[in-house]
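What follows is a pair of complexes built around chain A, which joins chain B in one and chain C in the other.
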Partner chain A sequence: MRKYLPLIRASYMVSLVYRFGFLFSIIGNIVYLGVAYYLWKSIYQGRDVLNGLTFNETFLYVGLGSAIFILLKTYADWIIHFEIQQGTIATYLTKPLDFQLYSLFTNFGAVLMNLTAITVPTAVVMIFVFKVQVTSGIGLWLFPISLIFAFLISFSIDFFVGLISFYSESVWGVTATKDIIVTVLSGGLIPLQFFPEAMQKILYWLPFQAVYHTPLMMITKADLGWGTFLPMLLLQIAWAIILLIASRLFYNQAIKVIRISGG
Partner chain B sequence: MRTLGEYIRLYFIIEAQYIKARMQYRADFIISSIGMFFTSLATLGVFWVILQSVPDVAGWSLMEMVFIYAFFMIAISPMQILFDHAWQLRFHVQEGTFLKYYFRPLNMMFYYMSEIFDLKGLIQLVMGIVLLIYASIQLQIDWTLLKIFLLLITLFSAALVQISIIVAASCAAFWVVESYPVLGLAWKLREFAPYPMSIFDGAFRFMFTFLIPIGFVAFYPSQLFLRPEEVSLLVYFSPIIGIGLFSLAYWIWTKGVNSYTGTGS
Partner chain C sequence: MSLIHIENLNKHFKVLNRREGLSGAFRDLFSGDYKTVEAVSGISFDIEAGEIVGYIGPNGAGKSTTIKMMTGILQPTSGVIEVNGLVPYYNRIRQAQTMGVVFGQRTQLWWDLPVIESFKILREIYKVDEKTFKQQMEMFNDLVGLKALHMQQVRTLSLGQRMLCDIAASFLHNPKVVFLDEPTIGLDISVKAKIRSLIKRLNTEHKTTIILTTHDLGDVEALCTRIIIIDKGKILYDGDIKKVNALFGAYRTLKVQIDNFNESTLQTLQEKIVNHFGVDKNLTVAQTEEFWTDITFDQALTPLSDVLNFVMKNFSVLDVRIVEISMENVVQKVYDGALG
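Right, the complex of A and B next:
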């Protein structure tokens, strides 16, 4: 494991090159927060509670959701795609490294960069500009743990999608479909409580809700207690393990079809 | 100088070849189309889910929002189909391959943008047209000749607004190395165009009307057909806004092209 840790630092340093980009990401997210604020304000229109959430809770959920979206946006699927397409993946195959772990740790570095450069500023804006209130409770302590598993699930899905490049030229189509499914069906854009009940029942059993809904609930309804959070966390851990294994099996399968032109 | 007619004829010749070449990758087209289908419907899906819990958003019903959304889909299609090469500008500029566009007796923007004809954008266009017809039937909009004429004019202007924003943002590549975030931001703002602008006030309404006028991509022109009595006078200026913005984007493009010195390799 020790040989992988420097990868985190290295990819953190690489991300640091793109400082200029973070400025635009922060501006983009602040505009998004403003749009979400007005949109939900006009949806609540004087109503106190909708689907068990107050305006403050919904805005916290949606706003923080956008911050987590940026946090987990590491373009792992695209990077793997380019490595396969250009053949540079071969250089990893000759090294005494595990490609999945290599990708995981480089991604973790990028996530840390996103955290310091975008997610934290977004949270600060939410608290000081939009004045959202956070209730205290056990959920706040579970949130960081939950976020780590959310990262593992999100990474596994990206890794899986990136590997599809072994079989197909079209990454845009697959990635775009994945992005939409993951953000819409996970609570990334609207709280899951707003979905029709029949849909909610299905959504709670899919892995996507574990990426956004689980950590977001721990902040918005932090006082719900162990009875609610423990099953959520266990489901999340189960999905993280299943998807890490599944994407690994897929990798072992996919690597056999690789053909790289020499030169 | 070539005439507009010559350019149009040339465009058809170039794209016919391009489409033939793309058709070799049929699976790619099918997968991209599926991706386009889901991407196009995401925001509409969000509206649908929200309107399960409340009857309207700032007085706009689901069907009215479908109309605005359909207008939006049609209005952004020309940008998607004809100007998709804007996304690759930064690679061409960085790697120096952009130099080749200087060496043809053609308008450079024309030559550059004609290299990609985004087929999956056609899916978006068709979906937009189908949804627009569906919503107008549901809303019982009475299409007179005048209204159809207005629709075409406003769609044309809206398309120009959207094209200008993306082209201008992509031109950042001429001046900064890591220009993707500028285009990314412009792309993100585009997502807010189908929102009813009446939900915003103050700085946000001002920004979406005058600074980055995405209000003119869908909401303001749609009002003309949904609620003519509430329509903002600004809508009647939308052709001027569209043409004005495009001229501005073209000016930025020309500045960028003239300042580009290649990579020296």
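Right, the complex of A and C next:
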């Protein structure tokens, strides 16, 4: 495993080269926070609690949701797509590296960069400009752990989509569809509590909510306790393991395509 | 035992028969109409440790396919392939530890980072110890002045500098065998010379086996003692470069631009040349690019000045170029039985 660690540093440094991009991401995200603030403010007009969430909790959920969205946005699907299409994957396959682990560690570096450059500033703006309050509780401690598994799930989905390039020349449509499905069905755009009850039950068992809803609940309802959080966390860990293995199996299958029919 | 052992190796690709136009593209979506392309068919050879072998052939000959099988990226359809006693595609990661690969068309360096960072990353990937790393970096510096490039971003390097760095990087972990796929592609003569001397030095330094694929016969002449010529997936020649050199080293192609060139000119030229020099002197006339007529001949049999004089006297010539024989010409001549 040790030989993969420098990849984290390398991709962190690569991200640093494009620092101007981050400036725009931060500005864009602050604008989004402003829009979300006034939108939800008007939805909450005259009401204290909607679907069990106060305005403060909803805004925390939606605002941090956008911060996590940017945190996990590493374009892994696109990068893998281009590596396959342009054949650069051959340069990794001739190294003593496993391609999935190579991608995972490279992505982790990009996530760390997003964390320091965008996610943390967004959180600071939320606390000091929009004055959101965070209740203390066990959830606050579970939040970072949950984020790690959210990353593993999100990476596996991206890796999976990127691998489709082995079969199809274009992944644009698949990527766009995936982005929409993941953000909407995961609570990344609207808190899951606002969905119809029946749908919530279905979504609970899908992997998408584990990316956003699980960590976001831990921070908005931090005081809920183990009874709520433990099953959520276990489900998330289960999904992370299932998806890592599933994308591994898909990779083994996909790599055969180039091995047998050429790159 | 030889370092690389290949016996009756085959690689067949299934390729969709594509149809024309938009409607054709739609029908292709559901088509089961495949044809088999034999990229490599029935090749065998052995390569000993420390050799530099030129693996040459025209575009689409099957060179890269063979390299990809030797590096474990591609699985052969049938046949035996062993590198270092291991089957590459079953032991890809273990094998990669003892291999270096340079694909001339793409880089293995981190595009956005300074050169030295790529070397540091590769050092950890290949688990090169501190002492060896220092020694290797010193050697690269002596050979190509690598230190001056350490802090430069890879993307800002010239193609030649990048290639020197790429080649150095592929030797960092002291591999047993290095595959260089078109390392001089797109480079000018002086840079080519630099690259060739680097490869030569790296080969002698640690007795590294090198397999070089190239389009440029000059590369092979400068570096290899052994040459394998492949075309359409089959080996045409495998042996000493001297024999090839003796045959083709003296071949030159005289390119002339003839004023008022028309369809009959080529034929007239051909007839006149055959009449003047005789059939046995083996002069060939062909047109390979617009406006230019190629006359290929053996300097050992016909002096260049004779050919030039003859053409100048009989035709109104606008421009002249003399080039060494091309890869395609060599392959054609081997087909015609030149190497017996």
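Following the convention adopted for this analysis, the second predicted complex is superposed on the first by the 258 of 263 C-alpha atoms of A that agree within 3 Å, B and C clash if a C-alpha of one lies under 4 Å from a C-alpha of the other, contacts with A are read in each partner's own complex, and residues count from 1 in each chain.
Going forward, contacts are C-beta pairs under 8 Å (C-beta built on N, C-alpha and C of every residue); 3 or more make two chains touch, one makes a residue touch a chain.
Please read these numbers as outputs of a predicted model, since none were measured by experiment.
S.K.: What is the contact status of A:Gln86 with respect to chain B (first) and chain C (second): first, second, both, or neither?
M.R.: In the superposed model, A:Gln86 contacts chain C only, not chain B.
S.K.: So, A:Ala10: does it touch chain B (first), chain C (second), both, or neither?
M.R.: Touch status of A:Ala10: second partner only.
S.K.: Is A:Thr175 contacted by the first partner chain B, the second partner chain C, both or neither?
M.R.: Once the two structures are laid over each other on A, A:Thr175 reaches chain B alone.
S.K.: Looking at the overlay, does A:Val184 come into contact with chain B only (first), chain C only (second), both, or neither?
M.R.: Once the two structures are laid over each other on A, A:Val184 reaches chain B alone.
S.K.: When the two structures are laid over each other on chain A, which of chain B and chain C touches more residues of chain A?
M.R.: Tallying touched residues of chain A, the top partner is B.
S.K.: First (chain B), second (chain C), both or neither: which does A:Leu115 touch?
M.R.: neither
S.K.: Just to be sure I read the superposition right, which of the two partners does A:Leu101 touch: chain B = first, chain C = second, or both, or neither?
M.R.: neither
S.K.: Once the structures are superposed on A, label A:Leu140 by its partner contacts, choosing first (chain B), second (chain C), both or neither.
M.R.: A:Leu140 contacts neither chain B nor chain C.
S.K.: Contacts for A:Ile241 in the overlay, against chain B (first) and chain C (second): which applies, first, second, both or neither?
M.R.: neither
S.K.: Per the definitions at the top, what is the overlap between the chain A residues touching chain B and those touching chain C?
M.R.: Correct list for chain A: 17-18.
S.K.: Could you pull out which chain C residues touch chain A in their complex?
M.R.: Touch residues, chain C against chain A: 13-14, 39, 65, 68, 71-75, 89, 92-94, 96-97, 99, 101, 103, 106-108, 110, 112-113, 117, 120-121, 124-127, 153, 179.
S.K.: Provide the residue numbers of chain A that touch chain C in the complex, in ascending order.
M.R.: Of all residues in chain A, those touching chain C are 2-3, 5-7, 9-10, 13-14, 17-18, 86-88, 90-91, 93-98, 256, 258-263.
S.K.: Given the complex with chain A, which residues does chain B contribute to the contact?
M.R.: That would be residues 25, 27-36, 38-39, 42, 45-46, 49-50, 52-54, 57-58, 120, 176, 178, 180-182, 184-185, 188-189, 192, 195-196, 199-201, 204 of chain B.
S.K.: Any idea which chain A residues touch chain B in the complex?
M.R.: Going by the criterion above, the answer is residues 17-18, 20-25, 27-28, 31-32, 34-35, 38-39, 41-43, 45, 47, 50-51, 168-170, 172-177, 179-181, 183-184, 189-190, 194-196.
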